[in-house]
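Next come two complexes, and both contain chain A; in the first it sits with chain B, in the second with chain C.
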Partner chain A sequence: MFRTTLKQIWNQRRQNGWIFFELLFVGIFLWIVLDPLCVQIANKSIDRGYEQNGMYVLQLEKYSFSSPKYSAEMENDSLVKLQYLDIIREMRNIPEIECFAVAYGSAYANSGSFSGGELFADTALSKRTHLQFYHFVPVEGSDILKTYRLKDVNSGVTMTIAPDFASRNLIYLSENSAKMLYGRTDVVGEKCYNYKKEVQEIAGVFKDFKDRDYNQPYPTIFSSADFCKEIEGNFFMHLAYTFTFRVKDDVNRATFEKRFENEIKPKLERGNFYCLGIQRFDVVAQNMAELFGELNSTRRNTIFAIFGLMCVFLGMVGTFWVRANARRQEIGVMRSIGASKWRITSQFLTESAILVSVAVILSTIIMAHYVYTNNFFANVNMLSKDMLNPEYWQNNPITHFSVISIIVYLVLLVTSLIGTLIPVSRATRELPAEALHDE
Partner chain B sequence: MTIIKLTGIDKIYRTKEIETQALENVNLEVGKGEFLSIMGPSGCGKSTLLNIIGLLDSPTNGTIEMNGKLIDAKMSDKALAKFRNETLGFVFQSFHLIPSLNVIDNVQLPLIYRGVSHKESVERAKAVLERVGLSHRLHHMPSQLSGGQCQRVAIARAIIGQPEIILTDEPTGNLDSKMGAEVMDILHELNQKDGCTIVMVTHNEEQARQTSRIARFFDGRQVC
Partner chain C sequence: MNKITLYIKQAWMMIRQNKLFSSIYITGTGLSIALTMTLFVILYIKFAPLYPEYKRNYTLIINSIEKTEKDSTSNNYWQSTPNFHLVNMIRQLPSVDAVAGIFMGWETSPHKDATTEYATIPVVLKYTNADYWKVYDFEFIAGKPYSDSDVASKTKNVVISQSCAKHLFKTEDITNKIINVSGIEYKIIGIVKDVASVMDNKTAADMWAPYTTTNYTDIEDLLGDCELAITAKSPDKIEIVKSEIAEMMHKYNQQDKLFNYQLLGPDTYWASQFRFGKILNEKDELLKYGYILFALLIIPALNLSGMISSRMNKRLPELGIRKTYGATNRQLLSQILWENFLLTIIGGLVGIIISYVILLCGSNWITNILNKGFNESIQLLSDNLSIEMLFNWWVFAAVLTISFILNIVSALIPASISLRQTIINSLNPKQ
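Right after this comes the complex of A and B.
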């Protein structure tokens, strides 16, 4: 039967030729349209490495010079520091808050701030990597690891900052940072050097951490540099030191937010500081995606993909539908000489599948050349290609190419099978005599 | 021995506006090895009757028995297909060859549906094509053949599965007299040598007279 089907396809090569070229074009079109969206979805679906739910950032502001509430007397570095620490204490004592972190330089997830630097394994001449630095300030019980609920890469247990973290100049590395520096993750106790050639000891390795929701995890280090071991009072300290916190799991977030707005926020006024409110981490992430154009890019790619898929679906279903309908009489003949409905349907489905398969093979070869010369769609912010984690399919050229090609193949296959199945099923359902008179 | 028995066959075509009775209370028996001609003016229901005998159409009322077996409307599609494949052979006025398959592939189809091996079906197709005088046209496409040749291919396709009954609907209707005669010779040979039961719808009085019996129809009723 398969041999006869192949012969029929070949003998109808003129009619099938047009469908074949249509499929070829559509295959290339789908490849180009689906690739960016698939990569964006894949990047976004990578685990953040921390629990975003329940996390907030405190929004502090200062009265401007022209404000009647502004007090020049309060603008003294020591006083400002005390006021800020007082706000931290006020926040820390809120019963709904489980833990908090004070970080330097807007170092919190999706803040948009990026503090990059290099780290060397053992000596300055050894293997090095570029990392994002999360400098945090270990004051008043601030614990960034606990607040983000970062998990130890080996045990999976939620990590906490060591009490002597600042004095021993300890650091915590993300899994990808450790792998890049040492090729392994069991590196607790290893020494490494920062750009000032200072020795730093690794106190823990946490699972890969996504600073931005839509990106792949960047190698990250949590450290407490000299300049942020203690809080320094200055005019801009509310911008320099960010207060993030996590509410307890059993706290109703809507109720807490309402209480914060009505009861807590007014109490956070110290000197020239006042509180604007709190912002959920998921809202921060959304704002970030919006501000950096990622939301628009995703929307654009989604719309292109939906539009493309709709066009392809309607066009290809129509093409195969017409092809199958034009052969209703043939279906009648086949039934008259003893072909069952299923035999006829399976023959038509096989024909469609063969046409699609051959066209996709050719379009895949064309796309292989295209990506070889133009590269894949990339949506990563790594400094170099060797920083890309090969475990993610979108970073491995062979896997990436295979995944998109398979998706394109499946879309076209399903489309052509639907376009064939419906008219052929209808044609086989009617009496053969009716089909034979359909001239 | 009766091989086809039709009892009380009615066929009514219904549309929203109109109801047309194509066949009315047809009772017909065809003996094994008989060559029956069905004659009548256009629109009298000859082809409809042939389609009903060939299980290509279903009667509104009445029963069909073949080889003593009642053909039930509840028979599964697979069983009906098997019955058509093994017991019946069709030869249509307009040949109904599959245009995208060459002669030998067209002829092989009933055996392919039966699950016969490729090698055997090719051998049997060659044999039947030689019998109908087309062994030199095995790889021609239907579009490259004359009407008479197409009809001989259709006959070859109808007999390759060695069916007991051959149903033909005006097999010479689209052929000139010479080719028509050739086709009739083949049908007579099949009837006489192979013992095939043949039911032929025809307008041709002369061809009908050559057969063993004539059933005449008028306005959906059998008149003799």
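Right after this comes the complex of A and C.
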């Protein structure tokens, strides 16, 4: 049957040429739009390393100079520090809140802020990695590990900040940071150094942490540097610090949010500080994805992929409908000498599958050249190639290329087979006598 | 009855006879036209003169400025938005008509609360100078804009949009009424027609007030917190304005003993849409749009060509008979193209409807869909899109042209190949 099908394809080469070129173009087009889409989905599906549900960020503002509510008297550094600490205490005492963290700057997940730096495993500064710094202020019981529910890489237990964290200048590293620096994760108690060769001791290693939902986990360090061991009062301190918190698991979020808006928010006015509200971490993540174009590229690539597939589907339906009609007599003869409906349908489906396969092989060769010149690395958020985690399929060039090529092939094949099946099965339903009547 | 009417009549009959073929053809064309039209509407919103930015063709934009130390051993470098001092300097240039300065500082975000005795609603308030009303052609429904003297005297006057007025007041006569915006009382002196939310962030707002009513800093430095939109006295003076600004900056840098200032611009309005900091690579960006357009056309064109090619085979005997009775290849080709054009036009109409559905369903994100970086959408009280964005002759003309090209590209080649057959072969294609 296969040989007959090949002959059939060759005999119909003029009509097949058009659909073949379309498949070739769509194969390339789909590769280009599905690649970033698949990488984006793969990156998003990587575990965040923390529990997003139940986390909130407090939105504090200050009355501007031109506001009648602005009070210059309230604006001295020691006074604003007291006001800010008072807001922290007010928040800490809310019964629904389980724990909280005071971050330095905008060091919280999906904030869009990135504070980067290097860390070294030796004083010769030879073993190094670039990391994202999450500086936080250990005041009034602020515990960033507990708030994010970060898990110890070895035991899987939720971590908490050591009581002597700030005084001993301890740090917590992510799994990938430890591996980059030491090649292993059992590094508690090891010493590491900043660029000034100041020593820091590792107090714990947590499972890989994703700062942004659409990114891969970047090497991360949780620390409390000298400049953020204590709260410092100044005019912009509502921007210099961020209060994030987690509500208890049994708290109904909608009820809590309503209560916060009506009862708690008005109570948080101190000096020139006032509260705008709270924002769920998932909403923060959504806003960031919108702002940084991740949702846009998902929408764009999805629309283009659907467009390409619909074109192929219509093309297949159209081409095979015309062809099945043109070969009605042939189908009639085949049916009258005992060929089953499936036997005839499968011949057309094989024709379609051969066309798709050859087109995809050619488009894959073209794409291999494209990928060779525009490497995959551009798609990820790492500073250098050696930071890529080889465990993720999208980071291995061969696996990456193979996965995307297979996806393109399967998507195109299924679409084409459905597009072929509809007109052909309709044609085979016709009685042989009717089909032969034209002959 | 002339030939074209006859062809169209015949084509209509064929559409009715081959319903599946026609519907596939129309859907395929519609799909292509829908995405092409959506692309054109996005580009139209991005670049065409639209309310209130009717002077986009001769507007220059400066959003950033760089400052470096003259001391060659220093690597210190600053980049920021310019300040109102630069606005006032450019205003003095002979070929400049007006310079709008839009405050982008701390007080511009997030939404502010506007309160009246009837309601409290979040609004977007822009702080500007008085020239803003010359650069942008706002349509005043009532009242007037604030003047240079209002700006200089820090008078708390405000202009509000029509939607904002509807949300905040129950009465229509609201000029001179007082409105409280996040604790500050402003007097309403004018009401303007709504600006669509998808417009440039320099004009998309619910309210406008003098920038001097904010905490702006008026210092003798060129770095600050405002963005500039400059209009020349006439469209042909754009290049003269650019050279005047360059000369002005050259003189300023000569006078300044410590620093060198370099403007990132002025860019023409359309080029400013492609600037990312220091990088202005409009050619690559335009090429990207070209690739997208090419893909949106070539894939359906191949699709349609394949279908026409198959159908031509079926129609060979009919063409053979017509050739026998003296019809020339040219006449037959013209007939096929006209028949096809009817299908393409129907597909075009379907495409236009689909594109409106796409545009209206995704009105809050669709205009950003081709941007690669930062996408800030401002949600105003007004609608996201305006009528002039959706219904305009430029877009319709472009869609008609695209339909025509699609028709020619997809029908010409398969039809020409089929018409090359001899009469004998055409009459008996099975041989």
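In the analysis below, the second predicted complex is superposed on the first by the 407 of 439 C-alpha atoms of A that agree within 3 Å, B and C clash if a C-alpha of one lies under 4 Å from a C-alpha of the other, contacts with A are read in each partner's own complex, and residues count from 1 in each chain.
Going forward, a residue touches a chain if its C-beta (ideal position, glycine included) is under 8 Å from a C-beta of that chain, and two chains touch if they have at least 3 such contacts.
This one's a predicted model, so the numbers in the text were calculated from it and none came from an experiment.
In the superposition on chain A, contact of A:368 is made with neither chain B nor chain C. Shared-chain residue A:199: touches no atom of chain B or chain C.
Residue contacts after overlaying the shared chain place A:29 against chain C, while chain B stays out of touching range. Of the two partner chains, neither chain B nor chain C is touched by A:383. Once the two complexes are laid over each other on the shared chain, residue contacts for A:290 go to chain C alone; chain B is not touched. In the superposed model, A:19 lies in contact with chain C only, and not with chain B.
In the superposition on chain A, A:341 contacts chain B only, with no contact to chain C. After overlaying the two complexes on the shared chain, residue contacts for A:6 are found with neither chain B nor chain C.
Of the two partner chains, chain C is the only one touched by A:303; chain B is not. Looking at the superposed arrangement, the partner reaching more residues of chain A, out of chain B and chain C, is C.
Taken in their complex, chain C has these residues touching chain A: 20-21, 24-25, 27-28, 31-32, 35, 106-107, 110, 182-184, 213-215, 295-296, 298-300, 302-303, 305-307, 309-311, 313-314, 362, 365, 368-377, 414, 417.
Within the complex formed with chain C, the chain A residues making contact are 14-15, 18-19, 21-22, 25-26, 29, 63-69, 276, 290-293, 295-297, 299-300, 303-304, 307-308, 310-312, 314-315, 317-319, 321-323, 325-326, 423. Within the complex formed with chain B, the residues of chain A that make contact are 1, 3-4, 7-8, 11-12, 329-330, 332-343, 431-434, 436, 439. Here chain B touches chain A in the complex through residues 48, 51, 54, 56-58, 77-78, 81-82, 84-86, 90, 92, 94, 96-102, 105, 108-110, 112-114, 118, 141, 157-158, 161, going by the rule given at the top.
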